[in-house]
Amino acid sequence: MINLPLQIDTISEGYIILATGLFIVFSSLILLTVFFKLGVPALLNAYKALKSLGKKEEKKETSVVIKSEKDFTGETAAAIATALHMYFNEQHDNENAILTIKQARKLYSPWSSKIYGTHQKL
Amino acid sequence: MKKVLIIFGVLSLLIFIRPVLGLNTTTKDTNSQGIEQLENVENESFVSEAFEGIKQFYNYTGFANVTGGHLVMIIIGIVFIYLGIKFDYEPLLLIPIGAGVIIGNIPFVTGNMTGIYESGSVLNFLYFGVVKGIYPPLIFLGIGAMTDFSSLIANPKLMLLGAAAQIGVFATFMGALYLGFKLPEAGAIGIIGGADGPTAIFLSSKLANGVNILADGTTVKNLIGPIAIAAYSYMALVPVIQPPIMRLLISKKDRKIRMKPPRAVSQKEKMIFPVAALILTTFISPSALPLLGMLFFGNLLKESGRTERLADTARTKMIDIVTILLGVTVGASTQADIFITSDSLLIFGLGALSFVIATMGGLFFAKLMNLFLKGDNKINPLIGAAGVSAVPDSARVVHAEALKSDPHNYLLMHAMAPNVAGVIGSAIAAGILLSFLS
Amino acid sequence: MKKVLIIFGVLSLLIFIRPVLGLNTTTKDTNSQGIEQLENVENESFVSEAFEGIKQFYNYTGFANVTGGHLVMIIIGIVFIYLGIKFDYEPLLLIPIGAGVIIGNIPFVTGNMTGIYESGSVLNFLYFGVVKGIYPPLIFLGIGAMTDFSSLIANPKLMLLGAAAQIGVFATFMGALYLGFKLPEAGAIGIIGGADGPTAIFLSSKLANGVNILADGTTVKNLIGPIAIAAYSYMALVPVIQPPIMRLLISKKDRKIRMKPPRAVSQKEKMIFPVAALILTTFISPSALPLLGMLFFGNLLKESGRTERLADTARTKMIDIVTILLGVTVGASTQADIFITSDSLLIFGLGALSFVIATMGGLFFAKLMNLFLKGDNKINPLIGAAGVSAVPDSARVVHAEALKSDPHNYLLMHAMAPNVAGVIGSAIAAGILLSFLS
Amino acid sequence: MINLPLQIDTISEGYIILATGLFIVFSSLILLTVFFKLGVPALLNAYKALKSLGKKEEKKETSVVIKSEKDFTGETAAAIATALHMYFNEQHDNENAILTIKQARKLYSPWSSKIYGTHQKL
Amino acid sequence: MKKVLIIFGVLSLLIFIRPVLGLNTTTKDTNSQGIEQLENVENESFVSEAFEGIKQFYNYTGFANVTGGHLVMIIIGIVFIYLGIKFDYEPLLLIPIGAGVIIGNIPFVTGNMTGIYESGSVLNFLYFGVVKGIYPPLIFLGIGAMTDFSSLIANPKLMLLGAAAQIGVFATFMGALYLGFKLPEAGAIGIIGGADGPTAIFLSSKLANGVNILADGTTVKNLIGPIAIAAYSYMALVPVIQPPIMRLLISKKDRKIRMKPPRAVSQKEKMIFPVAALILTTFISPSALPLLGMLFFGNLLKESGRTERLADTARTKMIDIVTILLGVTVGASTQADIFITSDSLLIFGLGALSFVIATMGGLFFAKLMNLFLKGDNKINPLIGAAGVSAVPDSARVVHAEALKSDPHNYLLMHAMAPNVAGVIGSAIAAGILLSFLS
Amino acid sequence: MINLPLQIDTISEGYIILATGLFIVFSSLILLTVFFKLGVPALLNAYKALKSLGKKEEKKETSVVIKSEKDFTGETAAAIATALHMYFNEQHDNENAILTIKQARKLYSPWSSKIYGTHQKL
């Protein structure tokens, strides 16, 4: 009991947690940043080197992947971004009341399988 | 056949007519021997007894037990549903939560296993997944299976913006301490600043669950309800909260900065990412394992290219089921007598503060980063605001805001990077708070 | 590689040959010191010991433990499956229940955690959702998400037909009391008249669960199994039970009444309906909250137009999963030694009675209503029969019956109104019984 | 114990519950009826009045809804009812045995993802 | 609005600046009266305290607690994922298990409810379905709903090949006994030879769960983890393990035997099969009821033609959800301190042996059967190898092997019969072991 | 305690279980074999006989099933087997990176229903 800092000092303990916490969050995300800036490319090069020492059979597959990746330049990315922008501006149509009622025959079947059963076929 | 029916009909009519004819006195006679105190009951007419029954039943109804608190909460529930439907603010959460708020505030007499806090009731069983923090990791599994981390992999330095926004978490934590909350309670409140519903529920179910006992012998308060509601409310209001702060802090010129398109990311990098990120982040913050473990596991299912079937289930039906159960029980946990306290009000105030600070933190840090970046590596400081997470709303708010300054500046792809980093950052922060305070 | 395999093969052959060569005596010798009573075991030949093993095992098999009860129940299970497949009677329930009946009546020796009533067995864990009444509200969630209440909103007065059919519930309740059942047991049996499986399981899990203790110190019986089976059986037989009653009670002329098409219902009304109905019905009958709360919550997910994703999951995969688990465990709960009692027979008799009375109640009340309605507002009394619920079978029975009198009289849309009102009515009745009797 | 009505009198208690219960069921559904006959239209009118005081921007959306609702007259409902009738009379086809076997390659794969994986693509 | 933000900003800045300015001493002063021993704490500078905090936090991180065992297991997890992605070996299981292995071996300090073995942790709740054997029957339900038993119905004698491969189960059981495992432990290890993951998990959760107490007072070991991992690993490696054994034991000539096409099977037979097989197999081995009951129930859902909706859910979303949870928790149960034992190594050795013996048993028995079969009834002995189950991999290995000898000999359809029979056989064997040893 | 065989003799007990177990597994699968060789055809014939005594209405339905079954001869089975063989030899294509990014707009929406909502429509 004597050794516990007690919560009288919660505020200072809070500041310690604040400082520690922020430090840790930053350092961990910096670690991730560094790993993906440096670590992953290194790993991938090592893997590629290792593989080129091994069999050549799988070469074809790899080259296909790389090709499709090369096709995907920043230009494409920009085009996609534009498309996305336009996409997000689309409005939701109001559900058509008629449609809902037309479909009711499928929905109106809490316990019966006769309708349940047909559900999937439509 | 007809005969059978007629017999049935006559039989059943008999049952109904009996009391009118006084036939059931026979039954009573054979049974009532030796029990004299029932006599006076017999004297009462059937009608008055039935009236007694109705009166007794009336005492069970909501009309007899309703309080102002119930009505206030029911109206809040309706407002949530209205906001979800009318303005399309996070309807997948506001509508279940709103319905849950109504369900949780139907007045009832305790003892019939109706209420969410009554052990043995159906709502209580479903609430188990909230109290034990089981739903949030399952939601994270689905989120992982639907999230594309490409923009983060392409530009890992944007990860720091997700860290900067966590200032909101720790500032709110301090604020809660100043307002007199205990350390674990303050930690749970702070996580509202993470702008991440499942993380908030997970952490509050561990720290402020009404069960844990503090060093001084007191029990922590159960703040899961207010914290969850505050977190989801402000997440829904991100399109209202963030734009004025952006305009206040970022200059017109800065808002027009165009960022170069992110590089293409190979499938191999995408596969390595979840595994590496899982190991690195949970080594740093093991207490966040349930959240981050599931998040990156879900992402691995998505990116492996071999488990599309599982990823698809995780991000559709599985997350839907959990979302329904989570939403309705979190809503129902706002039972008026437990929810309407000054604490809830303080938590709502602190929640607003935390979103503001988190946004400011992200924006300032983005400006700071620009001091060290040159040429076309410079980032548009607006994307700092996306670091709060609230995926993908805050990224879209950034996108929309940038378009107002320059109708051809498409920031969405760039804003996604700090946005998902914000999720990771909040989960790490939750782990830190958990290991310090639990 | 070949060498490894050869070594493996030789090793494994050695294992098999050892007893033949008597090699394992060495092992025994080193171990058997000081244990003299094993000696006689050693003298027995290996073959006779193996024979002993087979005999021992035989005592565990179903062949050794089968009783007439098991065989009767297995045949009943097969009949359920046959009815489901051959006549398409509610196959989604009869087939899982039938399979469950077979599974529950495979004879076994207790103690291996095999049976549904043995704590720790897999079936027992899955049965938990029945015993605690968790599955029924989840089924109601799905039902809400698939039900269109338009016809009820267009013509709210038809709601009364759903109330009238509840006469079946209360009449059966009285009948059960006359037959000597205790009050809570009678309440649970009465709900068979609600023609609504989940409601019947929910109420019987609360009132007649074999756990509750009555005022006089006795424990209520566990009647969940017979009640559920009776409810689902008669629901499946609605196309057989109802038509003769209709023909008996409704005149040829009345059967030809055409109803004017219902007015169109706006999406706003559809959105308001679940919220308003949730609040009104549960204020009246708070004990029905788990059922009605989930029913209208599901309907809100469907009608909000913003949560189609969640509604779709609730009415497809989620309800399917619960239906599978509910069906197979309810079926398996009919373990012969627990199910084959005179009580079960009485319950089946009362169940038939209740469906008949409920149908009659609906039809009579429809005729009564017609006395107060004028001109083309008159209703076709046949739709009163749909008030029993058994959605949508009884509505379709009404439709088919009307067509026999007039091939152009399409009543389906109109019959859906009392049909869904019957669901609401039964749930309210269940809540009333629950608050009086629990 | 003395104050409890005991279950000796269960039958009369039953009748009380019967009467009470039926009364409550009816009154609650009458309440619902009244609410939807009178309450909801009143609410909707109030909302419309409130809205017409506010912004006019959302007018377009609303008018679309109303339009589609107006299109849906009783005539349409009758037509749908006929369609439903015909629909319910349809027979289920027997599953074709060949088809089942043809599809077996997809189903035969409890643990293997090679087939699992293709499941979705077909 | 701007003003509000400015106030918020100033307020929050104050919070951050306070410790720097020493403002929070006021707070401390009012509280510290009478607590003298805190004095020395006050003297420490804020920075050094924060440093203490970081040090304290460091002790919680994985970096501080990592051991060689953790790293080994994490690498194993990565290898599992790599094998699943690169070679497409059972990726639906290896990838979740691999991710689970990583998750389970993130080092943590116990007490925070993080680890899978800590009661109250999320992983522990999800692991419940493994420990109690709930997941395997649900997987079997889905498998039943996706399996077509036609080839078995068309050629029932091939069922015997599924029996022959169970020699692997019993041989491994003996081997485990020789290596000193207790009877129940040996039974659980033996089932690896069944080449059937869910069955292995089900049996080991009942026999070697770390809870049961033996006759001599000792507690059985918890071997669920190693057994499950061994079973799934070797199932993934079937395409590597089986071909050399086939080539070793079956002559070139025999490998070229063409089998006549199986007869067509009517839908009625397909409907009768699950019901009859359910009754027959569980009468023989009632302890296998949870597995076989669910397997044939699932198949009935598929073949009834009336419950396609339920069958579809059982074989897609439901089995996916269970597979995700099963895979990740089985993986996480390999926590280094519990998993890395000599027992695990022995189990892996025995597992390899059991696959080899099972394959040999099937092949030998197929040759034996050919002695009694004439003309075009002769079977290709290669299909005996498919009796190990490992559905459908071993059937495909057989198919591929036959094609190497004769490019027009398509054995796949024929190999499916012993393949599914192997599943049934293993479940029966599991039931036998369970009734002898539990 | 005295009557228990103790686990000292686990090995012999093991052999008993081995012998018993193998015997039971074989006999049970032989039982199944016999049932499906003899029992099921007998059952089906009995059912057919029973049915021919009854109504003739359902004859049409049955005949359709039988017809489709007769069409499915061994020849067809062989053809299907070939098709399956070819099918299994197909290679999985590498997921196209561009496609993934194009679809990202659907996936990028953990909490927001705006995108969630559109998910189903595509």
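First chain written, first letter: the chains are A, B, C, D, E and F, and each begins at residue 1.
The criterion applied here is as follows: a residue touches a chain if its C-beta (ideal position, glycine included) is under 8 Å from a C-beta of that chain, and two chains touch if they have at least 3 such contacts.
Nothing here was measured: the structure is a model prediction, and the numbers come from that model.
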- Which chain lies the greatest distance away from subunit A when centres are computed from Cα atoms alone? C
- Message: Interface check for copies subunit B and subunit E. Shared numbers divided by all numbers used: above half gives same, below half gives different; which is it?
- Response: different
- Note on the structure: Greatest Cα-centre separation from subunit E belongs to chain D
- Note on the structure: Whole-Å distance, C-alpha centre of subunit C to that of subunit E, is 33
- Task: Give, as an integer number of Å, the spacing between the C-alpha centres of subunit E and subunit A.
- Result: 27
- Residues of subunit B touching at least two other chains: 53, 57, 88, 91-92, 171, 174, 178, 264, 266-267, 284-285, 305-307, 309, 312, 316-317, 396, 432, 436
- Spell out, as numbers or ranges, the residues of subunit A touching 2 or more other chains. 6, 11, 15, 17, 20, 24, 65, 69, 72, 76-77, 80, 84, 88, 92, 94, 97, 101, 113-114, 116-117, 119
- Item | Interfacial residue positions of subunit B with respect to subunit E in the complex | 132-134, 137, 141, 171, 174-175, 178, 206, 244-245, 248, 271, 275, 278-279, 282-287, 289-290, 293, 296-297, 300-301, 304-307, 309-310, 312-314, 317-318, 353, 356-357, 360, 432, 434-436, 438
- Query: Which residues of subunit E touch subunit A in their complex?
  - Reply: 18-19, 24, 27-28, 31-32, 35, 37-38, 41, 46, 49-50, 52-54, 56-57, 306-309, 312
- Query: Where on subunit D is subunit B touching in the complex?
  - Reply: 2, 5-6, 8-9, 11-12, 15-17, 19-20, 23-24, 113, 116-117, 119-120
- Complex contact set, residues of subunit D against subunit C: 4, 6-7, 10-11, 13-15, 17-18, 20-22, 24-37, 39-40, 43-44, 47, 65-66, 69-70, 72-75, 77-78, 80-82, 84-85, 88, 92
- Message: Please output the residues of subunit E touching subunit B within their complex, sorted ascending.
- Response: 1-2, 5, 8-9, 11-12, 15-16, 53, 56-57, 60-63, 65-66, 74, 78, 81, 84-85, 88, 91-92, 95-96, 99-100, 102-103, 106-109, 112-114, 120-123, 125-126, 316-317, 320-321, 323-324, 328
